[in-house]
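Provided herewith is a single structure, encoded as structure tokens, for subsequent inquiry.
Each chain gets a letter, A, B, C, D, E and F, in the order it is written, and its residues are counted from 1.
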Amino acid sequence: MDLAASFAGSFLSQLQSPTLAFLMGGMLLAATGSKLAIPDAIYRFIVFVLLMGIGLHGGMEIREANLAALALPALLAAIVGCLSVLIGVLTLARLPGIRREDALATSGLFGAVSASTLAAAMIVLEEQGMVFEAWAPALYPFMDIPALVLAIVLAGLHAHKANGHDGQVRVGRIIADSLRGSALSALLLGLLIGLLARPERVYEEFYSPLFRGLLSVLLLIMGMEAWTRLAELRRVAHWYMLYAIAAPITHGLMGFGFGWIAHEAVGLSPGGVVILAVIAASNSDISGPPTLRAGIPGANPSAYIGASTSLGTPIAIAVGIPLFIALAGLVFGP
Amino acid sequence: MFHTATKITIIAERLLQDGIISIVEAAGAKGYTIVDGSGKGEHFVRPAERAAVVSAFSIIRIEVIVNDAEQARDIARDIAGRFFKQYSGIVYLSEIEVLRPERF
Amino acid sequence: MDLAASFAGSFLSQLQSPTLAFLMGGMLLAATGSKLAIPDAIYRFIVFVLLMGIGLHGGMEIREANLAALALPALLAAIVGCLSVLIGVLTLARLPGIRREDALATSGLFGAVSASTLAAAMIVLEEQGMVFEAWAPALYPFMDIPALVLAIVLAGLHAHKANGHDGQVRVGRIIADSLRGSALSALLLGLLIGLLARPERVYEEFYSPLFRGLLSVLLLIMGMEAWTRLAELRRVAHWYMLYAIAAPITHGLMGFGFGWIAHEAVGLSPGGVVILAVIAASNSDISGPPTLRAGIPGANPSAYIGASTSLGTPIAIAVGIPLFIALAGLVFGP
Amino acid sequence: MFHTATKITIIAERLLQDGIISIVEAAGAKGYTIVDGSGKGEHFVRPAERAAVVSAFSIIRIEVIVNDAEQARDIARDIAGRFFKQYSGIVYLSEIEVLRPERF
Amino acid sequence: MFHTATKITIIAERLLQDGIISIVEAAGAKGYTIVDGSGKGEHFVRPAERAAVVSAFSIIRIEVIVNDAEQARDIARDIAGRFFKQYSGIVYLSEIEVLRPERF
Amino acid sequence: MDLAASFAGSFLSQLQSPTLAFLMGGMLLAATGSKLAIPDAIYRFIVFVLLMGIGLHGGMEIREANLAALALPALLAAIVGCLSVLIGVLTLARLPGIRREDALATSGLFGAVSASTLAAAMIVLEEQGMVFEAWAPALYPFMDIPALVLAIVLAGLHAHKANGHDGQVRVGRIIADSLRGSALSALLLGLLIGLLARPERVYEEFYSPLFRGLLSVLLLIMGMEAWTRLAELRRVAHWYMLYAIAAPITHGLMGFGFGWIAHEAVGLSPGGVVILAVIAASNSDISGPPTLRAGIPGANPSAYIGASTSLGTPIAIAVGIPLFIALAGLVFGP
């Protein structure tokens, strides 16, 4: 009852939050055939600034952080990522009419992490006055990479069984490929600079003040993309729609549970638990697709990209974020 | 002064660029030109202009000029064989006339 | 006398205003063959940020506004837009050597509204400490769309008479086309988000502080475009030059007069009257041309775009804005 | 292994993109590739690089490959007839060689 | 209704654009289309996508259609003679079919 | 000893400075094959904003400056630019296996000025609390243009001797070409607007606050470019590497010496001396290459661009800036 009320309240206030408003605004623009288009160059610059900002902030905080406190959440993040993929193997892949490669690629994408969803969660948590460890967003790669690697390795094993291809040798390359993606590169370089240099001023004068505004533009883009890719999604089996709705919530709840363990064991803050839940709920929109395209060439991008951008991301942002915040209020007290 | 040569045009996902270029260079072609594009074929709609959230899937158009038509055919067959069973893409040849054939 | 002095003073101070300086700077760059070019992606992003900002601000204010106060100015804006087109039909279209389609397209463009001129007026009014209703810029579509629709419908009737084409059926499509243009889409979405969500922080941290700076870049672009398109304008009849100089002033004075009525009737502020005059004086540079190109395909874009960007917009900004501010000082007192 | 096919190239204002694509698809072509450009012809100079204040007028180059030369001629005639009396644009055909003709 | 024409394609550094266009226009061609690209030849690698710190070196691809094959050859020879001894670039011709030959 | 300690201290603190960190971060990204790429449109916009900002600030200050104080440093800057080219002629051009055109183009580039190095120096000086005349960055063109002109004229004379071409007539065109380049255009227009209009607010609200952040992105780009162009540099004679390391330091020390003269003669501030030294040490990355390409077509861009972007600029920023600041501390007292 409490949860329902708290969730309803959080959800309604979220509807008024500009975060969600811009996401839905993007859908509205695409749905009404607006000619407004945010240029690709701007999109790529926004992703860079957001992730460099997250990285710098994280890096500056890790300097003072107790690294032991980081180790367990990182391990748990990796476990959540892998479990998310396995859930997909056990559910989506078994449904009728679903090709195994498509299911694996989709599970990999939903096990991986979305930078835009993460950034949205950070802003919403800040608006709600809910504190989290500045290094918590740095859990991103610890969940993202294992999920992608596992999905691609499983697909390789499957191809191996099916037609004698060798599916094992390229784990190192998949990891390197993920780390080289534009989003993770920016995050990791930011961490490094935050850790080793003194970027306080440039962070406070540039990366931090632009964060909220650039995020609003990014969410508008994600909204437009979501609507546009719906057509793609409609072309594939309806099961993908179901999966795309259920997976973010399931993965997020699982992430929340593991976060709770970290809370008890090493004192991860309630905000940190929400961050873990949100990255679990999120699905990769920037680095995942090209890595999967290269790693599971047989999979149909209409299936996994359609499911992820047109339903997965909106659900993770619009339902996931308020749900986990409400849950944290319920579990850890206000 | 003008000599017949063959132009290979490859339209493919950006993802394949490095792989295609290495086949082209290994086959001894002396140069290539790439142009960004968008398109629609069997697989996926690739939008231009607006933010390409999934830009590895965007389309590029590669032109390679070689003097020898047989060499061109080999390159085209190689690329199609290696990539275009699994990934999106097409390849075609056209006959052209060039100056300074020693450059190609 | 007073007006002349006040106008001269306002005009001179305007020459020192960065608004005009960047516009003229752009012309200077183009005239001297500078290789400086603001990339198209930046241009489109600037237009988005400015119009989203105007929309958000307007939307947040309309929440508290008295909607009745808005209705009359909106109606008057529509009348001014239509009258502007009709003036073009009665003057420009009757001049020797002017094709009717070209005259109609040009009149439509000069009846419609320019986002860059509007933004420039907002900054100049702010610098002069002249207050206006935050919803006043939202009068934009009420003038813009009727002007474009009327011009296209008249061109259709003309084509109908000339060769039996059907010129009436597409009014709905023209309106939809206008609303879908990138500038109006951003403005309207901003209004909606401002009205329904709580975008105060993102507005104050991002859209508002960037406004002045991005406008300076936009005016630089408009200046470069103005100079470059002069060549285009020289290729068409000289009457277009005359029209491009006279129309902004005439339409602006008409807008001022109707604004005065709204001032007396529903208390539109002097700043609001100036906004109405400026949008009347302005001519569409973003959404108008493609709508007209689609709606009046027979018209020569060199004529209407040349007239509008190379003379109309500079005149509206450099002469119109200070003139209407000076006039407001004279009419409504300082 | 290589088969003759025909490539239709259309250079037109961006404004016309949707209209041209629907003719192309209605005529049964299985794909197309679009590239952005700039240019000059009878009408208007269309600048590249710098901000295109009037971007609906910018130029695109559409390539469509079909197997059948007559079908190509029909598509070209259709597009020219429908658009290029009033709007800017040109269309031309070239003969090419493709692999896998069943794709076109 | 269709007529044979010749297409001249010039791939060169952006730096040369104005010079090439003036040769093309002086030779009486009625239009041209330009597309941005990147490429590799004898000289320099020209990256696409990422910031081109030295953008004057980036590659453009110019297409010019003329009715007369001899005129096309002259234009190609002129451009190659004037620019491509010192600067990067190639030029080639292809035969095409156009509608409305009076436009070219 | 003092110098060594002060330099070591300044250099170590510089390593922690975000300025250098972003430059080295860019190299790291390129070296590890990251797919992160800052779009070209963003790069060009950043250069515009930085140079417009430098120009506006300079112009606003020149309004109050004593123009006589400016004349001598400007003259000295021109002398330093020409001497830098002549040093190249006497050293690089005489080395075995070096083509004269290539040597001249390279000397011209290293005699000219880099906008990114200049901007980096301004931020580092500000961080160190070292004041400089706001017009000092406006010395840029006074050194840049003479260096480029001299190099091209010498190459023309050489071509003239070699095969009877006429090498003298185009000085005016080279100057005009330089002034029209995107970087110098923005700087000069900024100066003009700063001088004649009142851009204080737009400068303080937009150009100034974004400076540090956009510079961090620019340095990242320069770092990526440096690493990528190393391959180019390896293809040409090794002497270019030696020259690219030695020239920035040599030219910078020469610039420092001439700055000292200006300090004694007209009271140029220690910070101003450092600026003069840094622009002497820097080598042109934006406007120089196209001007040289057009002016010395026979020169191989792999040589001069490789030497400049892959070694010259990193050396000027990472070694030059801290060296000249330390030297200023030693010479002029803290």
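Keep in mind that, in the parts below, a contact is a pair of C-beta atoms (placed from the backbone, for glycine too) under 8 Å apart; a residue touches a chain by one contact, two chains touch by 3 or more.
Quick caveat: nothing in here was measured; it's all calculated off a predicted structure.
Traced through touching neighbours, the fewest hops from subunit E to subunit F number 1. Between subunit B and subunit C, the least number of touch steps comes to 2.
Farthest from subunit D in terms of Cα centroid separation is F. Of all chains, the one whose mean C-alpha position sits at the greatest distance from that of subunit A is E. Chain centres here are Cα means. That of subunit B falls 19 Å from that of subunit E.
Between subunit B and subunit F the centroid-to-centroid distance comes to 40 Å (mean Cα coordinates, whole Å).
The centroid of the Cα atoms in subunit C and the matching centroid in subunit F are 42 Å apart.
One simple way to say how far apart two chains are is to compare their mean CA positions; for subunit D and subunit F this gives 46 Å. Among the residues of subunit D, those in touch with two or more other chains are 35-36, 94-95.
Residue positions of subunit C touching 2 or more other chains: 37-42, 44, 210.
Of all possible chain pairings, those that touch are A-B, A-C, A-F, B-D, B-E, C-D, C-F, D-E, E-F. Remark: subunit B residues 9, 11, 35-42, 48-49, 59, 61, 73, 76-77, 80, 84, 90-95 touch subunit D in the complex. Of all residues in subunit B, those touching subunit E in their complex are 1-2, 5, 7, 30-36, 65, 94-100, 103-104. Residues of subunit F touching subunit C in their complex: 39-42, 44-45, 48, 176, 179-182, 185-186, 189, 192-193, 196-199, 201-202, 205-207, 210, 290. Residues 37-40, 42-44, 221-222, 224-225, 228, 231-232, 285-286, 289-290, 293-294, 297-298, 300-302, 305, 309 of subunit A are the ones that touch subunit B when the two sit in their complex. Looking at the complex, you find that subunit D touches subunit C at residues 13, 15, 43-45, 47, 49-57, 86-87.
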